[in-house]
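These notes are about the structure you will find just below.
Going by the order they are written in, the chains are A, B, C, D, E and F; count residues from 1 in each one.
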Amino acid sequence: MEKVPKAKRLDEYKEGEPVRDVFVVKIKKGISDYSKGYYFALILTDASAKSIDYRYWGGPDEARVKSIYDSIKNDSVVHITGQVSSYQGKMQITSNEQDRVQVLERGQYNEEDFIKKTKKDLERMKAQFNEYIGKVRDEKIRLLLEKIFHGSIGEAFWRQPAAISIHHNWIHGLLEHTLEILRYCELSKELYPGLNEDILIAGAMLHDIGKIEEMEMTTRIKGTNKGQFLGHILLGSIMVSEIMKEIGMDSETQNKILHMIVSHHGKIEQGSMKEPMFPEAIALYYADESSTKLNEIFNFIESNKGDTEDEFMPKWPRNLPTNIFLRNQDED
Amino acid sequence: MEKVPKAKRLDEYKEGEPVRDVFVVKIKKGISDYSKGYYFALILTDASAKSIDYRYWGGPDEARVKSIYDSIKNDSVVHITGQVSSYQGKMQITSNEQDRVQVLERGQYNEEDFIKKTKKDLERMKAQFNEYIGKVRDEKIRLLLEKIFHGSIGEAFWRQPAAISIHHNWIHGLLEHTLEILRYCELSKELYPGLNEDILIAGAMLHDIGKIEEMEMTTRIKGTNKGQFLGHILLGSIMVSEIMKEIGMDSETQNKILHMIVSHHGKIEQGSMKEPMFPEAIALYYADESSTKLNEIFNFIESNKGDTEDEFMPKWPRNLPTNIFLRNQDED
Amino acid sequence: MEKVPKAKRLDEYKEGEPVRDVFVVKIKKGISDYSKGYYFALILTDASAKSIDYRYWGGPDEARVKSIYDSIKNDSVVHITGQVSSYQGKMQITSNEQDRVQVLERGQYNEEDFIKKTKKDLERMKAQFNEYIGKVRDEKIRLLLEKIFHGSIGEAFWRQPAAISIHHNWIHGLLEHTLEILRYCELSKELYPGLNEDILIAGAMLHDIGKIEEMEMTTRIKGTNKGQFLGHILLGSIMVSEIMKEIGMDSETQNKILHMIVSHHGKIEQGSMKEPMFPEAIALYYADESSTKLNEIFNFIESNKGDTEDEFMPKWPRNLPTNIFLRNQDED
Amino acid sequence: MEKVPKAKRLDEYKEGEPVRDVFVVKIKKGISDYSKGYYFALILTDASAKSIDYRYWGGPDEARVKSIYDSIKNDSVVHITGQVSSYQGKMQITSNEQDRVQVLERGQYNEEDFIKKTKKDLERMKAQFNEYIGKVRDEKIRLLLEKIFHGSIGEAFWRQPAAISIHHNWIHGLLEHTLEILRYCELSKELYPGLNEDILIAGAMLHDIGKIEEMEMTTRIKGTNKGQFLGHILLGSIMVSEIMKEIGMDSETQNKILHMIVSHHGKIEQGSMKEPMFPEAIALYYADESSTKLNEIFNFIESNKGDTEDEFMPKWPRNLPTNIFLRNQDED
Amino acid sequence: MEKVPKAKRLDEYKEGEPVRDVFVVKIKKGISDYSKGYYFALILTDASAKSIDYRYWGGPDEARVKSIYDSIKNDSVVHITGQVSSYQGKMQITSNEQDRVQVLERGQYNEEDFIKKTKKDLERMKAQFNEYIGKVRDEKIRLLLEKIFHGSIGEAFWRQPAAISIHHNWIHGLLEHTLEILRYCELSKELYPGLNEDILIAGAMLHDIGKIEEMEMTTRIKGTNKGQFLGHILLGSIMVSEIMKEIGMDSETQNKILHMIVSHHGKIEQGSMKEPMFPEAIALYYADESSTKLNEIFNFIESNKGDTEDEFMPKWPRNLPTNIFLRNQDED
Amino acid sequence: MEKVPKAKRLDEYKEGEPVRDVFVVKIKKGISDYSKGYYFALILTDASAKSIDYRYWGGPDEARVKSIYDSIKNDSVVHITGQVSSYQGKMQITSNEQDRVQVLERGQYNEEDFIKKTKKDLERMKAQFNEYIGKVRDEKIRLLLEKIFHGSIGEAFWRQPAAISIHHNWIHGLLEHTLEILRYCELSKELYPGLNEDILIAGAMLHDIGKIEEMEMTTRIKGTNKGQFLGHILLGSIMVSEIMKEIGMDSETQNKILHMIVSHHGKIEQGSMKEPMFPEAIALYYADESSTKLNEIFNFIESNKGDTEDEFMPKWPRNLPTNIFLRNQDED
C-alpha cells in the first residue's frame, strides 16, 4: 500500500497557500449549523508540534457532514485538501464540499510525519546504556536493571519520548535523556569518588522509568489518565518496587534507589515529594536539570527564532523565567 | 515478674526533687572524662513527650562507667535514682556512683508509661470503622478494604499512632484520626450528594496507611529509615497498588483511589506530589486538615498553658504561624 | 403586564442561530462610525454567567443610533432580535436597523432569568438557621444573633449570594453556604467537645455578614465600591461591633467573635489580617474552606464539561491550581 | 514622698556587680523548692528595653517566700538589692534572704525610668499636627479630625508609643511617627499636585489610630488582648467609622479614608487586607515605610553597635533581611 | 525642508476613520501572498505609546510590494494613507495600492510626535540638580559628581527617559525622576539628621545612571542588548567605579556609594543583588519607590480611564497587584 | 625560629582535657570584673572550622589583665595553656593566672594549622586550567584570560578559597571549584555541540573571579567590607570589564561574558541580578550548582557524622532544606 507523503511541516505554511497534505487530529471541536448548512471544526497538528484550527464548511445535507465528522476520531490521521486563510487573527485551514477529507489507516502514512524522532543512532545508544549496566558491581542491583531493561519494560523504554513538549519530546527521547544524565553522573563520580557508582547508575537509569506509563504515543504524544492522576514518580516507584521484592533486594538498597526516584525533582516547591538526602541523589538531581534545561533552551530557540526579527523573546506574555536571547552565536 | 511503676510524668518534675523512676532513653550522648573520673550523658523521655538531659557522674574506674553505658541502648527503659537540678538553663537529672541505673527488660515496665494511648474505646472504634467498610457498594472496593484491614495490615493499622508528635501521637491514634476524617467525609457526602461515597470512604481509609511503615514504636514513636527516605504517601501507594492488582481492580478505580492518597497533602508547596483533581480528593484534603489542625491546637494548648502566666504563646521563637491564645474558654 | 420570556440560556446558543431573547447589559462599550453609518457595542450576560459581545450596526442617522444607545444603561435588561455569528474567534450577537433593541422595565422580565437562585428551599433553610440560634446558651450572644438576623440585616442576608462567581453565586447562596459551615462546625464540636459551641455558632453565622455590603444585585451580582475599597471582613466587623456595643457585650466575647470574622481567610498570604488563634477560629476556617472548595469544583465541572471532549481541563491557560478531572463518576 | 532613683540602665550592668536599683516585672515565672528551701523567679526590665532573669533564693519558711512572691504582680515596679551573676550563659540578678525585694507604689518611682520618652518637644509637635488639621478644606473631613483629635481619643493619641519595640517605641512616639508621615505626604503633594490633600492628611493622621487600643502602657508597653485578636487596622477602622456616621460623612469620602487605613501595610503578604487602590493610599504607604524603616535602622544601630567589635551585624541568627553596617559615618 | 505634521495621536483614532498621518514602525511582521497578490504587515506606534497593526494589501507584482517593504526598517517613520478598520477584535490600519506608504528622513518629521517629553522646564531642572551638587561638602564626592554630570555622561543623562514604559518614560524623564528622589532624600535628612548628606546626594544622583546605556531612543524608547544582558545596576556601577579610581576616592566612600547603586531595588526577590545595609541606602530605596509608584499610578489612571465606564480597573487579566480606582477625585 | 606545633584540632578536644595548644582569635568579647578580680573572653578557632569560647580568669590587678587583653588582636594566633570545661551547655577553654596566653608572630606558627588547604596538587591544577585557556580559539577572549590569569589577579586567584564555609573553603579552593565547573561545561559542550566553547570557558573561569576581593585570608577566611557591600558578582564584573576595554573586545562578546558572570546564581530569588538568557549561561549555572552542592554535602556529612549516633541529621533546628542521611555507603 502506497503511503501518502507529508507535503510540508505546519510551521512552513503561509496564509493564502493551497493545502494538499496529511495531518493528525488533536481535538474535535463539534458540528454546528451556519447560514449555508453545516460545518465542523478540528484542531490539527503534525511533527512540528504546531497546532492549527481547521473548518470544514459543508452544505445543507446534515447527514453527509455528520458522517464525515463521525469518521474522524481524536488522533486520526487525515488527508485534507483546502487552503490556508488568516481568520480570527490566527491562520486556519478551511475546506469546503469540493475538498477531500479522508481518514487514513495505519500503514497509509509515515509515523515520523507526526512524531519527531531522535537524531541519534538507536543501536549505539542502547549499547552505551548496556555498558553502564555492565559497570554495576552489586549483583542484586545489576539483576534489577537487567530484569527491567532487558524485558518488556525495556522495550517500552527504548521507544518512549521524555516529555510531551519542552525537552527530548521525540521517539527514543527518554533513552537519549537518560544517557546524558548517566554521562553527567559519571563525571560527578570522577570528581567526587565518595559517590557510590552502583546507586548512582541505578538511580539515573530508573528515575524517569514511570514515564512509560505517564505518556502514550498514538499519532502524537499524549498524557495518559494514569499519568495525570499519579505522575511518573509514583508510577515508576511502584514498578521498580515490585521487581525489587521479586529479586529479594535488601531493604537499605531498596530505600536508597527508590529515594533517588522520589527526590529527583529536587525541591518541594517543584513537586518533589522528598528532597535529596544523600550525595548520589544530589548528583542525579543536577544531572537531570543540566540535561533538561539545555535541551529545552536549544528547542526553544530553534522553534522561536524564526517568529520574530527581534534578538530577544520577551518574558511576557509567555511567562518565561526571563527574556531569552534567540541568536545562537555558533550558527553565525 | 513485678513491674516497676512509673512515679511521675516528666512534665511534673520540679527542680530540686529527688528521682526514683523509669524513663526511656531517646539519645545516647557519649562518655567522657572529667576532673573526678568518667561521666556519660543521655537524653530521657516518657509518655509526656517531654525530653530531659541526664548525666551520670562516675568515679575514676573507666571500665565500670563504660560497662554501665554500654548496657544501655537507644530506646532502653532505665530505672534511675538521682535528682533534678537546673544546670544550663534547663532542668536535668543527675546520678552519681551511689545511685541506681538499671536497664529493664520488656515485662519489667508498663508500655503505656512510655507511649500515650488513645482515650477512646478501641473496640468501638474498630466497629465504627468496619461499619463504614460495610457501606461500600462497589464489590471490588469493599474487597480491597477487607483484604487490607482484616489481615495483618489491619493489625498494624489499629495500633499505629498518626504522628511522632503534633497530632494523634498515641497508640491507636491513626485509627482515631481516620475515623474523624470519615465523619467529615460522610457529612460532605450529605451536603454534596454528587460525591462518590465508595471512592470517598476508600480514600479516607487508605490515605495514611503508609504510616504503618513510616513510623515504628519501640518504647517510643520513631521514624523508620524507610519512612525518612520514601514517606508514607509512597509507601502507602505501593502497598495498596499491590493488592489492587491482586484482586484485579479496574484501572480507573485504581487511579482514583491512588490519586486520593497521592494528593491528600493538598498543595504542592506542602509536599503534595499532585493537587486534588476531583471532588472526592478535595473533600478528603479538607477533612484531613480539619482533624489534624483541631487535634494539634488542643494538644498545643494542653501542653503549653502551664508554662506561662501569659494568655498568648507568642509566635517567636517557636516559629508558629501566629500567636496562640492559651486560655480555653470552656474550661472556665 | 406580560413578561417577556427568556428563550435560551447564553451557553446554549450556537453560531448561526437567530436570536429573539432577553439579556442583561454588563458593559457599554461605546458608539462609533463605520463605513455605512454608526454602530454601538455592548457586552451581554444572563443567569448562565456567560458573557457575549453584541454589536448594533445602525445606518447613517447618528441621532437615531445615539438615542437607542443612550436609552440603555449598565444592568439594563434588553429585548433583542438579531443573530449569532462567530466574529473575532468568539461568538457574538449582531443586530441591524431592522432588528429590535428595547429596554425592558422591572416587571417586564423574570428576575431569575438573570441571576441564578438556590435549588434549596428558602423557608427550610431559614428554619434550620434559626434552630442554630436557639442552641446558643449565652444570652448576650443569642441576643446579638437575634438582633442581627431578625431585623433588616437578616432580610438582606437571606437573599444575598455568597460570591459574584466561583461558589454559591446565586440568590440565597450566602445562607446556603453559611448553613453548610454550621454543619461542619457542629460535627467539629461533636468530635472536639472542648470547642465552645456559642462562639462557634456566632462566628460561623457572622463571618461573611459583610458580604451584604460588599456585593449588590441589580439584574446581576456586582461588587460595590464600598466592597472594593474595604472588603467584607472589615464591613462585617464594623456592622457587628456596633451592635455588640449596643447590647453591652463583655469585651472578651466581643474580641473572640470579631476574631472569628477577622481570621476566617486563614492565612496571611490569602489576605487574612490575622491567622486563627484559638480552636473555634480554626474549626471555622476549615469549615469555610470545605464548603467553598467543594461548591467551587462542582460548579467548575458543571460549567466546563460540555466545552471539551477531553477528560481533563488543563491547568493552563486558566491558571488553575492543577488540571481538573471533568468526568464526575456518579453520573455514569 | 521621695522617689527611689534608678541607678543604672539594665544594659549598663556587668557580671559580678552589686545591684541596688529599681526594675519593672515583665513576667512572673513561679515559685519552687530547692535544696535549702524555696525560691522564685522573675523576668525584669526597664526603659533600656533589655530583659534579665531574676532569682530570689529564700530559706525553708515557705509562707514567707510565698508572701513576697504574691506581693509582686506583673508590671510591678520592684526595688531590689542583690548582685549580677552569669548563670546559664546569660547574666542574671540574684537576691537572698538578706536582700531587699520591695514593691513600689505609683509615685515612689519615676515613670520615665521604665518607658522611654520622645526627644522632641510635645507642645511643638501638637501645634504642628493641628496646623495640618487646619489645612483641610473639606468641612466634613476637618470636623472628623477635630472630633477625633480634640477629644478623649486625642488625649490617648498624644501619649501613645508607635510600637512595643522596633520603631518610635516611646511615649509620644505615635505622634512623632505620624508627623514624619505627614511631612512625606506633604512633599508628595508638592511633587504630584493631582493628590487630594484632604484625603491624604486624613489618611495619614488616622492610619495608626487603632494603636491606642492595640497597646497599653503600665510600667511598660504591652500588647492588649484586643490588639492581639483584632489588630490596629480593624480597631482604628471601627473607631473612625463610628464618628464618620455620627457626623454624616458622604459614603465615598468614608470609603476612601477607611481604605487609607485598611491598605496602609501595602502588600497582602505583609498582612495588608487590601492593597492601595488610588494615589493617596500609595503615597501614605511609602511615607509610612520611610518613617518606620529609617527609625528602625537608627534604633538598631544605636542598641547593637556596642555589642560587637565587628563592623557588621550578621543576618544570622537574628533573621535580619540582610547584614547591617553598624558604623554610622556621620559620628566619626 | 517642510515637516510632515502629525494629524492625531493613535489613541484618538476610531474605527472607520480615514488615515493620513505619520507613525513609527515598531515591528516588521513579514511579507506573504494572498488571493489577490502580496501583502505585508507592520506594527505602528507613536508618542501616545499605543500600538496598532498595519496591513498593506498589494497587487500581484511581488517585486513592487517587496521593494516598499524593504525600504522600511524597524524604527522608520512612515507617512501613510489608508483607513482604520476593526479586524480581529482589534483596530488596525489598512492601505492598498492606491495609498501612500513613504519612509520619512530625519528632519521630515517632528521627533516629539514619537517620544513624549517632560512637562517640566529642562533648564530649571538642571539648575536644581546642580544646586544639589553644590551642597556636597566632601571634595572627592563633589568632584566625582562634577566629572560625571558636567561631561558627556551628563549630556546623555539630561536627555534620557527613566523607563520604556511605566514611569517617567519621556525625554528628560530620568532627570525629573532623580530630582524627585533628591527631594525625598532631602526631607529624610531633615527628619533624620544622622544621615550623611553627601552619601545620600551622591547615591540618589547616581543610582540610575546606568540607564543611559540600558535604553536608547531612536524614534522610540528601546532596550539595548547591553541593557538586556547586564541591567542598569551593573552598567552604572562599572561607569561610576571607573571615575572613582581616576580621582583616587578612598575605598570606604567608594564602597558606600556603589552599595547605594547596588541595593536600590531594595529586596532580593525584586532583583536587588544586595539589600540596603545602612540608613542612607534605606532612605534612597524608599525615595525611589515613592517617586516611581506615584508616577506609575497617575500614568496608569491617565491612560486607562477613558477605556471603560467602570470605576475600577480589575486586577485580571492584566495581573495588576490589585484593582485600581480610576476616578481621580481632584478632577471632579 | 622554631614553630609552635598544633597539638590537636579543636573538634578532637573533649571535656576535662588539659590544653597546651595554638589557636586563632576569631572575636574579642571584652574584659569585665568578677568576684576575684578581672577576666576576659575570646572566641577561638582553627583549621577545623569549629569555634570555642575562651575565658581568662585573672586576679585583682586590672592593669595586668588589660595588658594581656590588649596584646591580642582579632585574628591573632595565641599560644594557650588551660583546660576544657563544659560551662553553659557548651565546651569552653579556661585559663587562670598561672596559665600561658601568648600572642605568636607570623613565622612562629604553621599557617596550615589555621586554614585548611586543598588535597589536590596545585601545579597540576594550574596546568589543567592553562590547558583550557589554550583551547580558546577566539584571540580576544584568549588574550582576556591570559591578561587576567597570568598576572597579579591570577596570583591571587590560585590561592583563594571559594567560600568562608560551606564548600571548597580552603586554600586553592576557588581554583579547585573552577576546574570542576570547567569539567562539567566541557561535558555539556560534548552533549550539546551548539554551545560556544570559547564563551563557555571564559564564563566558567571568570564567574567567581570577584571572590578574590570578596574574601581575605589572615589567619582565617573572612569577608571584606567591600565584599559585604558589593558582592563578588559586581566586583568581578568591574574587574573583567576594565580589562575588556583595555584590549578592545567587541561589544557583543563583552556583553555575553559579563552576562555569564551576572547570571550565574541562576534565579532572582537566590540573589541573581539576571537569569541566564542563553545556553552557555544555563550550562554554567548548573555546572556551578553541581560542584557546589556535591562539595557541600560531603563536607556536611564529614563534619557532622561524628556528632550523633543517629543516621539522619534532622532538618530542625539547623534549617536544612531536608533531613540529611549521614552514613556514606561507600565507606562501609
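Structure notes:
Note that contacts are C-beta pairs under 8 Å (C-beta built on N, C-alpha and C of every residue); 3 or more make two chains touch, one makes a residue touch a chain.
Remember, it's a predicted structure, so these values are computed and weren't measured experimentally.
Identification of common neighbours of chain B and chain E yields A, C, D, F.
Centre-to-centre separation of chain D and chain F, using mean CA positions: 42 Å.
The centroid of the Cα atoms in chain A and the matching centroid in chain F are 43 Å apart. Centres computed as Cα averages put chain A at a distance of 60 Å from chain D. Multi-chain contact residues of chain B, defined as those touching 2 or more other chains: 88-89, 225, 228-229, 256, 274, 277, 312, 323, 325.
Taken together, the chains touch in the following pairs: A-B, A-C, A-E, A-F, B-C, B-D, B-F, C-D, C-E, D-E, D-F, E-F.
Remark: chain C residues 180, 183-184, 187-188, 190-192, 194-196, 199, 256, 267, 274-279, 282-283, 286-287, 289-291, 293-295, 297-298, 301, 312, 321-325, 328-331 touch chain B in the complex. The residues of chain D lying in touch with chain F in their complex are 14-17, 88-89, 308-312, 323, 325. Per the touch definition, chain B reaches chain F in the complex via residues 27-28, 32-35, 74, 88-90, 225, 228-229.
Contact residues on chain A toward chain B in their complex (touch as defined above): 225-226, 228-231, 233-234, 237-238, 241-242, 251-252, 255-256, 258-259, 262, 268-271, 273-274, 277.
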